[in-house]
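What follows is a pair of complexes built around subunit A, which joins subunit B in one and subunit C in the other.
Up next is the complex of A and B:
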């Protein structure tokens, strides 16, 4: 049984992490900050200038707890590879599948279907809570996404699947701001911009997606999949295509939902953003801390998984999905079943 | 020549071929398996060596190999009787998962020891840590044949790279790989699960 363990996120610049008996000890500027038992952790994610002792890195590797290095702003740079991450037969099967256009298309379709279904679920849930004119607009967007789901089975190439997904994404993000019930003037989403973010919502989304992608890449690695070889996302050097694939289904229900909740509860407010000259936006350190804390809490929340039929903590869903994909690739399952949130 | 088969694999295979394949071919990893193996290695590393009592020498963490049968591994405990003949003793800490799997593993150790010490070994012991009782196991021709049959079954799976169907019976309740294996989950989509469903939205 795989248990949900904590991921230790360290974003205070100048932190020093080392092994102390079977604990991780965190010092900042030479002063003791905290100490965490290693067996409560399933990995460490560090941002920017954070130092880890060689003993700690090695101990983490041996106990199959990867270290992920992000830039101070959350961009992925590196992850340690642990001895368990290598089922060579699975990787061969994964590569064989990506070389087979029909099988790739089938997997890509299911991934996209999962994403669109979950977008729909997220919109409809907000519609139930929304007031006035917002509810019909949210429901209309859900109907538009339904129309895209209906054409997914007809897509004959992965490019067509991406096109359908793009159309649905436009419907979805057009009404995204209607899911918000606080500071609406400030949190107004123009269009999706990646780096650099041009508005606060994009800044939050980018940050949350990066964290989620990291979790998905770790899940791939733990199951023995190659995080770089994806199905829906085009292969591109340096891109973790499979991790991004796995993330698609989870974006609406894990990442977007978290953003909406934090804004609606006013735990994220305009004070958590820095608006730069030339219209770019970044999150303050406090803002990032608030998001991390919320995501950590959500990981423990249990949801019903439609395939395994069991209650599963949200934090383990990427792992379950990676395993289901591995089972499909190795011929143990006829299809890849996306996670459909209820 | 075929690669030698680790003794631990035999036990998994006899218990359930799918369990063997998940651990040794798919390299599915669970905390249980991992911690158990890690602990085993730890104890072995620190418990190696020998001691003597009443003329019986106890060897710990003895490396084993049989070139003839293509097996290798490490024996937790081997007792050397005063006449120098070895008796394997297998320590079982948890609940006995499968009597046959334990016996096959013990007998496989004996096959290695017979080759290494050039003699025949009539039997060995399974020691249950919880009850502190040891049970004698006789290495009958049937048991010896079962060891070699398991070895051949493993070789066949390694060749075919196939993942066997789930056993989906009582064994599964005792199996640490239950979550990874999902023996009772539908292999295809269960009823009511449709990723392309588009129920009208009111």
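Up next is the complex of A and C:
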């Protein structure tokens, strides 16, 4: 039986990690913080300015526990390669799964189901706070998405899953602007446009999705998955398909929710946007800073994770999901459980 | 993982005894968490338990010292009540520092 070991995440800037009697000893600014026995850990992920002693790095390497270095903002920089890591076997399992149409379909379906369910949760939450005629419209869209969830088990190909997802996305984005309660004449959403953004909401969504995608790619790499081999997203050169897969279920609850909150609290106002000729919209530097700060704060907020049954900071949900996916690919879990927000 | 409670009593009358005490403590620190002065809570696999027991038996002096290993009933949090200055950290909970 495989023991589920824990990963140590060190975010405190200026931490110093060293080996002490088969324990990781963590000091912050020269002061003792904690000591953790190594045999509980399957790896260490450090953010930004965190120092590891050479003896600790060597010991971790010898005992097949990789170290992952991310920037302070969570962007992947490096990962240590241990003499024999589970890494290659996991990647082989991942590749084998994408070659198996039935398994790919199953994973794609669960990812889509997670996304649709979370879209529904997001709409219903806004419906509770909405006034007037907005609430019934939001509830109707939630019911439409619910109908699409019911159709998902009938999908026989990944293309059909993508079709169902697209139908749900249309219902969702049709009512997206009804979730907003401030500066409504400015924030409107015609349709989802990527590059270039045609309206302010698209500009914000694109920016937030890019940040989230980067985090999901880091999470894949931290777990040892190949970020380019996806299930729901088609494989394309240079595309981080798996990262995009992981992001799907997080879009509504992590990214969209943050955008709605920022606009409703009037932290993002028309002044944060530049309208260019030819109907393209970009964010000002101040606007980008406001969004980054909010996302960073949100990452620390703890939510209940229904699968692990634990309170988890939002920023670590991509890591948890990547590990759950890895467990499924290795055969330790019958299916991939998407993250469902409460 | 098995949850264990390890307690020991090492005679410190001689310098050899004090040396044994330090070594026993070190072995326990390497495997688990010190919850009281000579009381440790340890969660290990069966294999690690064998290695741990072997190390302790090699160090202790059976005529002078005593080491006791109790298996804790799981889940630990349901069957252990701790009061006062308790510094136990659940090592299966998310570790974010």
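One rule holds for everything that comes next: the second predicted complex is superposed on the first by the 256 of 342 C-alpha atoms of A that agree within 3 Å, B and C clash if a C-alpha of one lies under 4 Å from a C-alpha of the other, contacts with A are read in each partner's own complex, and residues count from 1 in each chain.
Everything that follows uses one rule, which is that contacts are C-beta pairs under 8 Å (C-beta built on N, C-alpha and C of every residue); 3 or more make two chains touch, one makes a residue touch a chain.
Computed from a prediction, not measured in an experiment: that's the story for all the values here.
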{"item": "Of subunit C and subunit B, partner touching more subunit A residues", "value": "B"}
{"item": "Which of subunit B and subunit C A:313 touches, first, second, both or neither", "value": "second"}
{"item": "Which superposed partner A:131 touches (first subunit B, second subunit C, both, neither)", "value": "neither"}
{"item": "First, second, both or neither for A:152, with subunit B first and subunit C second", "value": "first"}
{"item": "Touched partner set for A:99, first subunit B, second subunit C, both or neither", "value": "neither"}
{"item": "Partner chain(s) touched by A:7 [first = subunit B, second = subunit C, both, neither]", "value": "second"}
{"item": "Touching partner for A:36 - first (subunit B), second (subunit C), both, neither", "value": "second"}
{"item": "Touching partner for A:340 - first (subunit B), second (subunit C), both, neither", "value": "first"}
{"item": "Residues on subunit A lying within both footprints (that of subunit B and that of subunit C)", "value": "3"}
{"item": "Of all residues in subunit C, those that touch subunit A in their complex", "value": "1, 26, 29-33, 43-45, 48, 89, 91-97"}
{"item": "Contact set on subunit A toward subunit C in their complex", "value": "3-4, 6-12, 15, 21-23, 26, 33-37, 39-41, 310, 312-313, 316"}
{"item": "Touching residues (chain side subunit A, partner subunit B) in the complex", "value": "1-3, 64, 84, 86-87, 89-90, 110, 113-114, 117, 120, 124, 139, 142-143, 146-147, 149-150, 152-153, 222, 224, 306-309, 323, 326, 330-335, 337-338, 340"}
{"item": "Residues of subunit B that touch subunit A when the two form their complex", "value": "25-27, 29-32, 34, 161, 163, 176, 178-180, 182, 185, 187-190, 192-193, 195-198, 200-202"}
